[in-house]
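We call the chains A, B, C, D, E and F, going by the order they appear; numbering starts again at 1 in every chain.
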Amino acid sequence: MLEVSNLACSRGDHRLFSGLGFALSPGQIMQVQGENGSGKTSLLRTLCGFIQPDEGRIAWEGADVSDLAEAYYSRVLYLGHLNAIKDELSALENLKISAALSGVELGESAAIAALRRMGLKGRERLPVKVLSQGQRRRAALARLLVSGAALWILDEPLAALDVNAVALIEELFGEHLARQGMVIFTTHQPLLVSGTEMISLSLSAP
Amino acid sequence: MLEVSNLACSRGDHRLFSGLGFALSPGQIMQVQGENGSGKTSLLRTLCGFIQPDEGRIAWEGADVSDLAEAYYSRVLYLGHLNAIKDELSALENLKISAALSGVELGESAAIAALRRMGLKGRERLPVKVLSQGQRRRAALARLLVSGAALWILDEPLAALDVNAVALIEELFGEHLARQGMVIFTTHQPLLVSGTEMISLSLSAP
Amino acid sequence: MFYPLAGKLVPWFAVSSAILFAVGMYLGFVVAPTDATQGEFYRIIYIHVPASILSMFLYLVMAGYAALGLVFNTRLSSMMASAMAPTGALFAFIALWTGALWGKPMWGTWWVWDARLTSELILLFLYLGFISLHASIDDPRRADRASALLAIVGSVNVPIIYFSVKWWNTLHQGSTIKFTGTSMQITMQHAMFTMLAACWLYAVAVVLSRVRSIILERERHTKWVAELPEVAL
Amino acid sequence: MDLWMRANPLTYVWIGSYAVAFVVFAVEIALVVHKRKATLQEVRQLMDVEESE
Amino acid sequence: MNKILLLLFVVVRRDLVLAMRRRADVLTTLIFFVMVVSLFPLGVGPESDMLRKMAPGVLWVSALLASMLSLGRLFSADHLDGTLEQMLLAPQPLSVLVLGKMVAHWMVSGLPLVLMTPVLGLQFDMPLEAVGVLMLSLLLGTPVLSMIGAIGAALTLGLRGGGVLLSLLVLPLCIPVLIFGTGAVGAATSGMSYSSHLSLLGALLVLAVAFTPWVTAQALRISME
Amino acid sequence: MNKILLLLFVVVRRDLVLAMRRRADVLTTLIFFVMVVSLFPLGVGPESDMLRKMAPGVLWVSALLASMLSLGRLFSADHLDGTLEQMLLAPQPLSVLVLGKMVAHWMVSGLPLVLMTPVLGLQFDMPLEAVGVLMLSLLLGTPVLSMIGAIGAALTLGLRGGGVLLSLLVLPLCIPVLIFGTGAVGAATSGMSYSSHLSLLGALLVLAVAFTPWVTAQALRISME
């Protein structure tokens, strides 16, 4: 359960948003909408604690996230505009390392299975830098399959993905919500998750 | 007039495509389609001469592009997955420099007008690194407005753009085609250019 | 509000510092006797020692303010810290320069690589590092916090400077001013303390007026700045 | 230089250190004053822009 | 506790694997070190008396510079590709991750230098005991350099002109290490007791291990904002 | 021809603007140089006779370091953000662009060091004539360092594993420059004729201007594939 109240954030001289409030319970999904530069990324990064908000409170299961710190981080999976994968390592190594960093134990075969499901069959062991843009994004998104986090915070997960991959992501969202997970994401493309209503939060350009 | 015949290209052990041929005349637009990793980026980069093809010939107005070299480059505008803008410089400086590099003279006011049209009003002089993902892409795409190149080669120009910006790009394509330009592009999102038929080239995953 | 208060205080500090400078120099050059071993050269001491002491003292105060700003997120103390850095750097520079000038007649060279001299040079570099780090981060809050961390880490150096004469036996003079009694003649001491006070007051005045500019710059979007009489002019 | 120093120790001390110190002080004061002027100017400019918008 | 050790291990291994993939980086640090050290006899002339005297200083300064050269990459690669964000979000304390990165950095850029020292020391005609002390002092000192350097690397993350600003911030803080290190060798060659210098270096190392990971973690959080 | 000069000018100005934008960059390069030079006396000890003898070597090595530190950024920043692709597509010869980048790099990282040399030379108590020769040698030598370094930077751009060999090939190329440079100063201090050293340096510079831009351009095309 994530509760946000009266949140305000500014970058440079611009106030991006203020008085923002919402609550997300298990099984719910929220899309943050807004034009380019309206502050979507900034909002997501604030939720992850990378940016200190000017005002307001972000609470996870009733407690302030800045007090929870690591206890909160273990429940969150964030994927930003950057893929957070190393060009020199293979998709497999990348996945195993990022799982280890987030405290998940992951066997070789489970990792390979996850990458195959993301459509990287036969490319698990190539250095990521030879992969195509969409394949890199898929490699990054494979973390969704192996993480135990309850709250997914995804910034334009569909960037560079082809239609099949978009369908796959929709499927993954559905599964995650079904097991009482939560998703907050942004996108400029249409995305449909069957069987749930999508909460939508609109930011207006400053 | 761009003519491609019997083109073949491979990366690593994979043959991405072979026997590829097409021709593009002034006023025509072509979308390269295909799944993630099917070789769209590789094709576009081959057309620009970054990658040497295994076989085949790429001809510009009848002459081989590798013989034309700089004479061909001056007719081409390429924008890849990367934005080719400097984080430390402002959008304005970036635009002026990239125009100078491609041999175009560009006054301050023309540059500002181009950036405004791209929706960067009031942000022309901020260092690009503080801009949002979509704003950076817009700053990169502003080159379309000031370049004199006949052939635009654009790799996922719509990445990170919001709906307004997508509409703007469609408009720009229309204008470019109207003045007998040519466009080759890829995208995973729908894009409609009114008044012309789109040639479509499908690559299948290897 | 701090801004108008600082504005009122600056002239007082400035004037009293000017008076004390005058008195101190009178004492130092006219009243105090010539030193038996060092002749007239020793009179550099009246500027050298206050500058050295202030360069270290200001660093500590600056680190303290910076730490306050970092821990309690109080913006004023961060601004104070960044206002103090240039003044501190200048005092370090003066200490080095006058020391070098003194070294020429006393030790026969401008510069030796002795522990105290070196650590004072490090102090200057630390100030410069603080200033350049602050200058190269655009976001002022991030700049405050990053350079605060640097200031705190760097404050390890100050005790090294202070005790360097004890820990390493070097060319440089040991402490003559001690908490218990002193080996210095009384007029010399008066002159020295007057100069020290003068430098200190000067530093306060400059720092306060600099911090006023910084406040204005940072708060230029707020209403109270817009309503200031000097802005409305 | 050495000779001159020996002959005029007081002048040396004066010019060498005190003059330098006071020049430094003067420069600093000038900088502070200049910065104050510049900041005020900037703030006023900002006001004008806001008013005209 | 166990989990934390495991994490430390994961991070160290990851960075070592990455370093092996980018072997050029590792080797250039080492080659740089060897080159700088070997250049001095060329620049100064072949008088072996003087060479012997300057050997510890030259070796130490070169080691300091070599580890400085590789510092720029410590966090910046992770920053650019977004991995650092993920590290800040790791459910374990950030300072452990940071310690892991420091250890890996030292193993890649410090340890090879230490192992290379005997060869270079003999090139300068240093007495055997002095070479031993030099190695010991480097063994204690280079980790401190990596650790202090990490603070600077974290503070200058993503800044324009990072590399040079980094050295401006870090070099002054490294000077005590340099002084104690060369002091130890100097004492050893002139037959005095060098243990006090070495124990000072050891104390610095302990202090660095205790505090720098935490400070660096804070610096990273600040830089990521 | 005119157009090419204009392009050269554009590139140089662009890189200079970028360097200025990294506000304190030029200044910090200098401070770095000063600090590195000051470190050696700390490590070696304060005997001014020895210091004077090692001064040219120290200054030369430090100059090499300062320019090496900034070499990493020469192409890699442009590579990572895609600007390099655009440069390959420019309608003018790539070698001109490359030459522009080299010139800018030297103006930012080499020239200030040359100008700073007199002060540092005096700190080491060097005779005045030697300082002059040192400055001259640096003036001729640092552009060569920037140019040779550029080849290395281009070759190691985005290369896996194999980069080791290439950087091994490039580094030794810098050594002649250093030897001639310090040699000239050594000759000057010992009262011999230094003009042969300097003219060798000059010859190296001419060769470098003639060939390195072209070689670097080829290296870039290879690295970009």
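As a convention for this text, contacts are C-beta pairs under 8 Å (C-beta built on N, C-alpha and C of every residue); 3 or more make two chains touch, one makes a residue touch a chain.
All figures in this text were calculated on a predicted structure; none of them were measured in a lab.
J.: Call it same or different for chain A and chain B: same when shared residue numbers make up over half of all numbers used at their interface.
T.: same
J.: Just grab the chain with the largest centre-to-centre distance to chain E, centres being mean Cα coordinates.
T.: Max centre-to-centre separation from chain E belongs to B.
J.: Sort the chain pairs by how many C-beta pairs are in contact and tell me the top one.
T.: E-F
J.: Measure off the straight-line distance from the CA centroid of chain C to the CA centroid of chain E, and report it in whole Å.
T.: 32
J.: Quick one: report the Å distance separating chain D from chain E, using the average Cα coordinate of each chain.
T.: 40
J.: Express in whole angstrom the distance between the two chain centres, defined as the mean CA positions of chain D and chain F.
T.: About 36 Å separates the centre of chain D from that of chain F.
J.: What is the distance, in whole Å, between the centres of chain A and chain B, each centre taken as the mean of its C-alpha atoms?
T.: 29
J.: Where does chain B touch two or more other chains at once, residue-wise?
T.: 81, 88, 127, 130 - these are the residues of chain B that touch more than one other chain.
J.: Residues of chain F touching 2+ other chains?
T.: Residues 21-24, 28, 31, 35, 42, 45, 80, 160 of chain F each touch two or more of the other chains.
J.: Find every residue in chain D that makes contact with two or more other chains and list them.
T.: Counting only residues that touch two or more other chains, chain D contributes none.
J.: Write out the stretch or stretches of chain F touching chain B in their complex.
T.: 3, 7, 10-11, 14, 17-18, 21-22, 77, 80-83, 85-93, 97, 224-225
J.: Any idea which chain C residues touch chain E in the complex?
T.: Against chain E, the touching part of chain C is residues 115, 118, 122, 125-126, 128-129, 132-133, 136-137, 139, 141-142, 145-146, 149-150, 153-154, 156-157, 160.
J.: Per the contact definition, I'd like the list of chain D residues that touch chain C in the complex.
T.: Residues 5, 9-10, 12-13, 16-18, 20-21, 24-25, 28-29, 31-33, 35-36, 39-40, 42-44, 46-47 of chain D touch chain C in their complex.
J.: Please give the residue numbers of chain C that touch chain F in the complex, ascending.
T.: 109, 111-114, 118, 121, 125, 128, 132, 135-136
J.: Taking the complex as given, what residues does chain A use to touch chain E?
T.: 48-52, 70-71, 73-74, 76, 78, 80-89, 93, 97-98, 100-103, 127
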